[in-house]
Amino acid sequence: MNALLTLKNYYLYPKNQPRCLGVDLKLSAGHSLAILGPTGCGKSVFLKSLVGLAPFSGELRLLDSFFHHPLPKLLKFPKRSLPIGFAFEKNALFEFLSVEDNLSLAGAFQDEAQTTQKPSDGERLLKQIGLWESRKKFPRALSGGMKKRLAVARTLIKKPKILICDSPLAGLDPLSAHSIFTMLKETVNTGSTLLVMSLQSYTLALTHFTHLLLLDSSGNPVFCGNIEDFYCKNPHIKAIS
Amino acid sequence: MKTPIISFRNVSKRYGNQEVLKNITVDIWPGELTFIMGPSGVGKTVFLRLALGFEEPDEGEIHLAGIPLSEMHISELSAIRVRHIFIFQHPALFDFLTVIENVGFPLLEHHPDMDPPYVFEKAKGVLRSLGYRGTFKKMPDQCTVGEAKLVSIARALMLNPKVMFIDEPTTGLDETTRTQVDHILVNTHRMKQCSCIVVSHDVNSALTIGDRILFFYDTQLHANIENPRKFTSHPDPLVNEFFNHGEVF
Amino acid sequence: MINLRQETIQLKTFTLELASRLFRPHTQHWNMIIIGTLRMIRTCLVMVILSSLFVGGILVVVFQHHISFFRADSILGAFASSALLREVGPLLVGFLLSGQCGAYVASEIATMKATDQLDTLSSLGLSDMDLVIVPRFVSIFMATTFSLMLSLAGGIVGAYLVAASLYDMSIYFFFSKFQWLIQWSSLWSGFYKCFAFGSAIAFISCYTSYTAEKSVQGVSTAVQKTAIRNMMALIILDTFTTHTFRGLMFVLKYFGVLS
Amino acid sequence: MTGRWRFSRLLLEQLYLHGIRGLWVVLLAAIFTGQVIIAEYAYHIRYIMHELTFVPPFATSMILTQFGPLLACMLMVSLSGAAIASETGLMRSTEQWDALKLEHISLWSFYIWPRIVACTCICIALTLLNMAGQIVSFVAISPWELGLSWAKVIDTLFDMCSLSDLIQGLCKGAFFGFSYSSIAIFIGAQPGHSSADVGKRSTQAVVLGIFAIIVEDFLLSYIFIHLFN
């Protein structure tokens, strides 16, 4: 199975702190990476650098396009949009568009070759997240949990191969957090997508994810690899969970 | 017989046509670390705002420290409020004052006769006791979220209130600062005889340090759990699901 | 949309509260008021002087074109300055100040309300009107009135600079007809307008931001509402002050106070 | 961009959004400012000419070249300038700007051009409306202010001005509309500001917009007067 996302000695520059140690990862479809670390350690900068919103150096292979930057540079946007879905931390919903338009704008500029986006997709997704009745409303009128669901739905409508979410479960009550997490897990269980997520709770990361990336407070990766290596490195944690 | 801090008598509140709270009858007793939990957007914060007179209920009667809120004049209310401090979800620090001035400002306003150096010294002591490690002279927007929360709690403790209402102290914090804030809650509750009422999503902290949990669901007071430490299961499936998911997320 | 009845109730309570607190001397807050006023004047000083120079310039350019039909260029200076003093100066610079002083303070108060700072004040037992609204109201009023008076002087200097540079009028020629066209009454009408505009901008900025919604969206709608309400108030007050000033002068002359 | 997101559809939305709000504001302002101009003008002309028949033609030429575009665009700055600046500021601070970039939408043709073109067209239309409103209001009040009957005022209304004055006014309106909307978007789109100072950015946009209008009015008046006659 070809690798969707490969990083070789991937350096980061969060808030122009000194360089952090290299990250080496090889992820393919069906895997899921959890990123854990204290607040302000550069989790969201790491996610943004994967998509070209933050400078990085080292080698990054996304699907079939390859980027190699010896010096910290922004990712040059490939001409056509790659099927990558990105859910922002502050769920950047377009305030000037209604809920329905938010979804249709997300899928509007996808290349017709890759995914034929039928209007029914939008309707199915809205019904799934329970926003079909308030589709004419503006995001301002929605509650916190509904905004997060709309932000995640906006990434799912493009049927992405790589799904990147920046702490989607932060500040949510357990019920809506559960519903959002199940929605994300279903897309991964179909086996065709790769999920990259930054998290707050360690128990969730250890039980539901295949790969782990632990960052310490200054942004240096403490551990990076799949769950089995993590357990054999520190067996006492396996006993607890 | 101790008088309850707040007692609600079938209180209901609605915004426009959206029903927020429907005939709630509950008493919150001093000396208990009570947690108010429930899905987001169910009106937990409105419950606290009604209790302190920030908003009027549509029906029903609310007693704050034994005195009905409706007959209270604004000066009596502000006198009572000095004893019952409300800490908001935003760490609402005054952005035109430095950290140490933020903490000392309310005390100086209430007692103009106190000289500022003594008040600032006291503020430094309170901040150190809460484990605040940042510098005292910086402006609030240079603080991290955790530091700002500590400063707002210290500002409330300066007036040594009898009751503290805290709105979501641990959202948006990572594990380490979350346990630090829980430790502060227990400390203020036990040592300083200042009973705390907390609105929160953090099920783990509720089950470990809480004395009583009020569970709101769909504008109703769904469950009133006595001693959460020995909580295993609850007849209502909804509450079970909430707490099981809570442990994981 | 908040219906009109609720809006008027809010307006009534706000004005009563503000008026009752405004005339009770709060000694310890005077330093806050003075610092606020000086800071506000410092921020809008450069903009006021520059814009008043250009306002004077506009009047000179336009009136020179009109007066050239009568070949009576000597009255250009007096005519432009009188028009500036009486009506155009305070209005145009007042628009600028409604944004610089009025909307700026409105965004400050609305942000304080959105991040619950006003509620924290009342929850700590302090009245937020005393500590936040009244000092800002007085500092806007003093800063705006002072800046408008400054802009009158700036306008006349600007008019002279443009007349001297573009239409090469000497300083004596420019100020020759001043005594004849400009009496004390046009100066008082200018000051009367400055006071009226200052108080209107101060009241509207404080009221609109104090009753703003408690969200990030509320801050931006508060700023937009303040800007448009300030401008409409300036325009309506402009007409109102012109007519009432004329009535005032008639009454004073009638009672012999003025010659 | 085709279908729902084609340029003309976005332009129409912006025209409707900012135009409707500006309509009644400018009409109301035109009624009041028309009277003030005539009152001040009559006071001055009474001193100079002792004869008020010159006032209506002077006033109309002043309205067409000066007060028509100036006051209409000042109101539009506070109405749509503040709105655009705070909307762009909010987009910038809540990362919607990056989200648009990720969707490979060219920000210029999706967000920036529709708003600038819409504001320019609205300013031209509202300048016309403002001129008409001011002329109607000062003609209506002239019997009490100037003591001239309506018939006489309407006869001498357009003696002093020609079509070139009208074109001057509309050009000024277009210039003002273009300048304040591009200032508002430029200030709103500044990177690196938190959601707290979105309000401050929109006030900065309003102030700079008004200042730019005053400076442009001075320059354009000078250029047009020496260009046309």
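Per-chain residue numbering starts at 1, and chain names A, B, C and D are given in the order in which the chains are listed.
In this section, contacts are C-beta pairs under 8 Å (C-beta built on N, C-alpha and C of every residue); 3 or more make two chains touch, one makes a residue touch a chain.
Quick caveat: nothing in here was measured; it's all calculated off a predicted structure.
Looking at the partners of chain B and chain D together, the chains they share are A, C.
Of the two interfaces, A-B and A-D, the higher number of touching C-beta pairs belongs to A-B.
Chain centres computed from CA atoms place D at the largest separation from chain B. Once the centre of each chain is set as its mean CA position, chain A and chain B turn out to be 34 Å apart. Centre-to-centre, using mean CA coordinates, chain B is 44 Å away from chain C. Chain centres here are Cα averages; for chain C and chain D they lie 20 Å apart. Multi-chain contact residues of chain C (touching two or more other chains): 115, 217.
Residues of chain D in contact with at least two other chains: 87, 90, 196. Within chain A, contacts with two or more other chains are made by residues 95.
Taken in their complex, chain A has these residues touching chain D: 48, 51, 53, 77, 80-81, 84, 86, 88-90, 92-96, 101, 104-106, 108-109. On the side of chain D, the complex with chain A involves touching residues 1, 3-5, 87, 90-91, 94-96, 98-105. The residues of chain A lying in touch with chain B in their complex are 37-40, 143-145, 169-178, 181, 200-204, 207. Chain contact summary for the complex, chain C toward chain B: residues 28, 112, 115-117, 119-120, 122-127, 131.
Of all residues in chain B, those touching chain A in their complex are 38-41, 144-146, 171-177, 201, 203, 241-243, 245-249.
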